[in-house]
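Both complexes shown next keep chain A, but they swap its partner, so chain B is in the first and chain C is in the second.
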Partner chain A sequence: MARMATRQRVVVSTIGAWFFGFLIFFPILWMVLASFKTELEAFAIPPSFLFFHWTTENYATVQERSDYLLHAMNSIIIAGGSTLIALLIAIPAAWSMAFSPTKRTKDVLLWMLSTKMMPPVGVLVPIYLIYKTFGLLDSRIGLVFILCLGNLPIVIWMLFTYFKEIPRDILEAARMDGATIGRELVYVLTPMAIPGLASTLLLNLILAWNEAFWTLNLSTSNAAPLTTFIASYSSPEGLFWAKLSAASTLAIAPILVLGWFSQKQLVRGLTFGAVK
Partner chain B sequence: MGQITLQGVQKSFGPVHIIKGADLDIADGSFVVFVGPSGCGKTTLLRLIAGLEDVTGGSILIDGKNVVDTPPAKRGLSMVFQSYALYPHMSVRGNIGFGLKMAGLPKDEINRKVEAAAATLNLTPYLDRKPRELSGGQRQRVAIGRAIVREPKGFLFDEPLSNLDAALRVQMRIEVTRLQKQLGTTAIYVTHDQVEAMTMADKIVVLNAGKIEQYGSPLELYERPANLFVAGFIGSPKMNFVTGELAQQQGAATIGVRPEHLKIERDGAGGWVGTIAVAEHLGSDTFLYVDAGPLGMLTARYVGELSLHAGDRVSLVPDPARIHRFDQSGAALRN
Partner chain C sequence: MATRQTQFLARALLTPAVGLLFIWMIVPLALTIYFSTLHYSLLDPGSESFVGLENFRYFLTDPAFLASLQNTLLLVGSVLALTILLGIPLALLMDQPVIGRNFVRLMVIAPFFVMPTVSALVWKNLLMHPVSGLFAWLASLFGLTPIDWFNDVPLFAVILIVTWQWLPFATLILLTALQSLDEEQKEAAEMDGASAISTFIYITLPHLARPITVVILIETIFLLTVFAEIFVTTGGGPGLQTTNIAFLIYSQALIQFDVGSASAGGLVAVVIANIVAFFLVRIVGRNLEA
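Coming up: the complex of A and B.
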C-alpha cells in the first residue's frame, strides 16, 4: 500500500516537473518556431504550433539587412576580452585575500559586492559623458572595459570561494616538500584550482555575452554586439516578430551550445563547496 | 643525526602568548610525544619546529645549528598532517615523490626511492591510484611515505591518527612506532590522546596553556607527576584528588590516589567509605564510581570482575606508598 502511494507520488511529481520545465522552456521554443514562420503567420490568431509553412527566409533577410557575423564577432571579442581581463585582475586579488587575509579582507569583499547592488542606470549619465570625452562610445575597447568592471566583483567572489576551499595543509605540505612559491603555484595550486577557474570563466563569459544594458547604451553599429543586433528589430517601423525571432535565435545559439556542453562544469562550479 | 633543542622558544599571535618559553632537549633517534588538552599550544610548538610559523623569541637548534631563519624545507624535517594533506591531483607515486622532485633528483632515482618507501608501507599495488581512490588508512600511509622518502633528520606528526576509526588507530599506532624504531629517525608526535602518548613515546612532553609542565618517560610521568595538572592528565581513569583535613594529615594541600591504587572492601569499615553510584563491568576490569560524601566522587579500578553494584556500600583503602602529595601551588611534594 505504502509502495503504491510512493509510486503515485513519483509519477505525479515527475509529470509536474516536466510540466514546469516545459513552461519555462516554452518561450524559447516559441521563439525558434516563430523564426521559421512568415511574418503573417508569426502573429496569426489562433497561432499555429507545428503545422505552418516552414521557411528560412527570415534568416536570409536578417543576414542581408544586418551583418550577423560582424555582431557575433563583436560579441566574442567583448565577452571574451572582458572575461580574460577580469580573470587576470581577479586571480591575484582572490589569491591574496584567500591565502593571506587581513582584518579588513571581509570588508573589502563586501564593498566589492556592494557595487553590484547599485542599479547601473544610476551611473549611466556620468559614464556616458566620460566615454564621450575619451572617444570610447561605440568602441570595442570601451565595452570590454565596462563589462570587465561590471563583472569583476562576481569573478573575484567566485574565485575567492574556490581558493578558500583549497586546504592550507596542502600548501604547507608543499612548502615542507621544498616547493618555492612559484613551483607551489605551478604544481599544486593551479591544478587544484582549474575546475574553479573554468567555471568562473564560463559563467562570466555567459554574463558578458548576455549583458544588454551597457552594450545597448554605449554602442550603435561598429562595436555593437548581438544584443544591439536583436534590439534593432524592434524598430520604429513596427515589430517584425518572425525576423526578431530569427535574430534572437541566431544571437543565443552560440551561448546555448556553449552552455549545453559545459553544464556539468557550471553546476559543479556554482555548487562548489556546498557538499563535500 | 637529528638532535632537536629548543631554547626559550616563545610564540605570540598579537597580544596572545601561545608558547611562553619552552626549553627542551630531544635526543637523536628518540620518539617524543607532545600531549596536552586542546589549545595548549602543542600543535603551534610543532609548527614552530617545522618552520611553518616564525618564533617570537628563542632559538631552535637542529644538530646544533640554529634554524629559526631557515625555511621549512631546508630544516631537513618532514611532516605528516592531521588531514593527510595529500595532493589530490597526483597519484600515490607523484605524492610520495614530490619532495624529491622539488629537490631536483633524477627521475630513476626518484622512482627507486618511491618504490622502496611504498614497499615498506605496503603501498606498492596502489602507486598509480589517486588519493580519492584510497581508504583512510591507505591515505595515512601515503602521507607517511611522503615523510620517510626524503630520509629526514626528523619526523613531525600532527595528530596523524585522529581521523581514523578506533580499530585502525590502534593498528596504525603500532605501525608508526615500529617504523620509527626501524628507521631510527627522531620523531615528534602531537596528540591529545594520552593513551597514544603513553604507548608510543620514549619521552612525553606534557603541555598546558603554552607551558611545558613536565618532560619525562611515560612511567616517570605516571609514577612521579610533577604537579596536579600532570597527575590529572596522565592515567586513565583520572587520578582521585582529595583536599581538606585528610590531605593536611599527610602534610599536603591536596593528595592524589590513582583508581588502581585504591583497595576495594565490601561493607564499608575503615578507609574512605561511600556508596557506589555507577559500576562498569568490562570483564577485564571493573570501574566503580563511588559517592564518598565529603570527599566527593571517587573512582576505583579493580582488575578482573567484582560483583558489586550501584547502591552497595564500599570502603576504599588507599595504598599508602602510592599517595601523591601536592602543595598549595599544585607542585608535587617529594618524600
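Coming up: the complex of A and C.
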C-alpha cells in the first residue's frame, strides 16, 4: 500500500513539476523557435509551433545589418574586464579579512554591502556629468569601470565567505613549517580557493553581462553591449520579430549555459551567504 | 613580530578595495547633494544658481512624484507577493521525488539569466502583442477578446514580466532552504498523525521564514530600481502609468536635462533604498555571527 502511494506521488509530482517548469521556460523556447521562422511566420496567426519553414537567415541578417559581432565583443570586454578587475581588487581584500580579521572586519563587510544598496539612479546625474566631462560616455573603459565598482561588494562578499571555509589548521601548519606569506598564498591558499574563485567569477560575469541600467544610460553605439543593442529593437519602425528573436537568442545563449553551471553558487552569492 | 607584520600586510591588502568603494560611494553622492541645491539645467548652461531646498519642494510636490511613488510601491509589492506566493508551492513541488528534477530545475531557473531587455521585448512582442501575440491567439481560442496589455493594463503587464524574471530567484532560494530541512522532523510529524497541511504550517513554514525574509529584502533592493523593462516597453507611459521613481529621475535627468530636480529625486530614491538596506544589513549581520 505504502509503495503504491509513493509511486503515485512520484508520478503526480513529476507531471506537475515538468508542467510548471515547461510553462516557465516556454517564453525562451518560443523566442528560440521564432528565431528560425521567416518574418511572416513569426507574425502569423494562428502561430505554427514546429511545422514551419525552418531557416537560419535571421542569424545572418542580424550580423549583416547591425554588426552583431561588435556588440557581442563589447559585452565580452565589458563583462569580462569588469569582472577580472573586480577580482584583482577583491582577492587581497577578502583574503585579508578572512585570515587576519580585526575588530572592525564585520563593520567593514557590512559597510561594503551597504554600498551595493545605493540605487544607481541616485547617482545617475553626477556619473553622467563626470563621464560627459571626461569623454567616457559610450566608451568601453567607462562601462568596465562602473560595472566593476558596482559588483565589487558582491565579489568581496562571495570570496570572503569562500575563504572563511578554508580550514585554518592548514595555514598554521604551513606557518610552522616556515612558509612565508607569499608562499602560503601561492602554494596553500590558491589551490584551495580555486573553486570559490571560479564560482565568484562565473556569477559576476553573468551579473555584468545582463546589467541594464548603466549600459543603457552610458552607451549608445560604439561601446554598446548586447543589452543596449537589443533595446534598439524596441523602436516601432524596427520591429522584426524573427530578427529580434535571433539577436536575443545569440545574446542570452552563452550566459544561459554559464548560468546553468553556476546555479548552486547563485543562491549563495546573491544572498551574501545568508542562504546556502 | 610576525603578527605586526601580518597586520600591516592585511591592512595594505584591504586598502585598495575600501578606498575605491569609499570614493565610489562618497563622490557621486556628494555631487548629487550639491546639484540638488542648484538650479541647474543642461539646456541652459552657465545659469547655475543656489536655490536651497527648492528642488526638493518641486520634486516632492510634482504630481508625477506621487504617481511614480505609487507605481513603484505597486510594482515592488505585487512582484514580491507573486514571486513568494508562486515560489513556495513551486519549491515544494520540486522538493518532491520528481523524475528528472535537475532538468526541471534548469527550466525553472532559466529566466533569471535572460538579460532584462530581451525578456521585456520578447514578452511585449511575441507574447503580449494585442493582435499577433501568443496570448491574443490563446484568448481567441477560448472566444475571449484579446487584452491590449500595454494600453489597457500597462503596469500589470510590466509586473508580469518582472515576476517572470524574479520567480526563479525566489523558487531557487526557497528550494535550497527546503532541502536543508531535516527529513526526520517531518517524518516524525507524519508518524504522529499530523496532516500534510499542519506539517506545512508548523514545520515547513517556520523553517522558510528566514529565506522568505531574505528573498523579500534582496528582491526589494533590485525591484526599487527596475528600469530596463520599462525603458524598452512603455517608456513610462501611457501618461505616467508605468513611470516608477527610477524612470522618473532618468527622464528628468536625461530627457528634460533638469540636473537639479533629478538630483533631488535621486536623493529621495537613496533614502527609500536605505530604509530597506537598514533591515537587510541587520539580518545579514546577525547571520555573520552565527
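One rule holds in what follows: the second predicted complex is superposed on the first by the 254 of 276 C-alpha atoms of A that agree within 3 Å, B and C clash if a C-alpha of one lies under 4 Å from a C-alpha of the other, contacts with A are read in each partner's own complex, and residues count from 1 in each chain.
Just so it is clear, contacts are C-beta pairs under 8 Å (C-beta built on N, C-alpha and C of every residue); 3 or more make two chains touch, one makes a residue touch a chain.
The model shown is predicted, which means the values in this text are computed figures rather than measured ones.
A.B. asks: On chain A, do chain B and chain C fit together or clash when superposed?
C.D. replies: They fit side by side.
A.B. asks: Scan A:177 for contacts with chain B and chain C and give back first, second, both or neither.
C.D. replies: first
A.B. asks: Could you say whether A:169 touches chain B, chain C, both of them, or neither, answering first, second, both or neither?
C.D. replies: After superposing on A, A:169 lies in contact with chain B but is clear of chain C.
A.B. asks: Contact-wise, after the overlay, does A:18 reach chain B, chain C, both or neither (first, second, both, neither)?
C.D. replies: It touches chain C, and chain B stays clear.
A.B. asks: Once chain A of both complexes is superposed, is A:187 in touch with chain B (first), chain C (second), both, or neither?
C.D. replies: The answer is first: A:187 touches chain B but not chain C.
A.B. asks: Counting only touches as set out at the top, which of chain B and chain C does A:52 meet: first, second, both, neither?
C.D. replies: Neither partner.
A.B. asks: Comparing chain C with chain B, which touches more residues belonging to chain A?
C.D. replies: C
A.B. asks: Per the contact definition in the header, classify A:28: touching chain B only (first), chain C only (second), both, or neither.
C.D. replies: After superposition on chain A, A:28 lies in contact with chain C alone.
A.B. asks: State the minimum pairwise Cα distance, in Å, between chain B and chain C in the overlaid complexes.
C.D. replies: So the smallest C-alpha gap separating chain B from chain C comes to 7 Å.
A.B. asks: Enumerate the contact residues on chain B facing chain A in the complex.
C.D. replies: It comes out as residues 50, 52, 71-74, 77-79, 81-83, 85-89, 98-99, 102-103, 146, 150.
A.B. asks: Can you check the complex and tell me which residues of chain A touch chain C?
C.D. replies: 6, 9-10, 13-14, 16-18, 20-22, 24-25, 27-28, 30-31, 34, 42-47, 89-90, 92-93, 95-97, 99-100, 102, 106, 108-110, 112-130, 149, 152-153, 156, 181, 206, 209-210, 212-213, 216-217, 226-228, 230-231, 233-234, 239, 241, 244-245, 248, 251-252, 255-256, 258-260, 263, 266-267, 270-276
A.B. asks: Which residues of chain C touch chain A in the complex?
C.D. replies: 6-7, 9-11, 13-14, 16-18, 20-21, 24-25, 27-29, 31-32, 35, 90, 93-94, 96-101, 103-119, 121-127, 131-132, 134, 136-137, 140, 164, 167-169, 172-173, 176-177, 180, 210-211, 214, 218, 221, 224-225, 227-228, 231-233, 245-246, 249-250, 253-254, 259, 262-263, 266-267, 269-270, 272-274, 276-277, 280-281, 283-285, 287-289
A.B. asks: Chain B touches which residues of chain A in the complex?
C.D. replies: 167, 169-170, 172-179, 183, 187-188, 191-192
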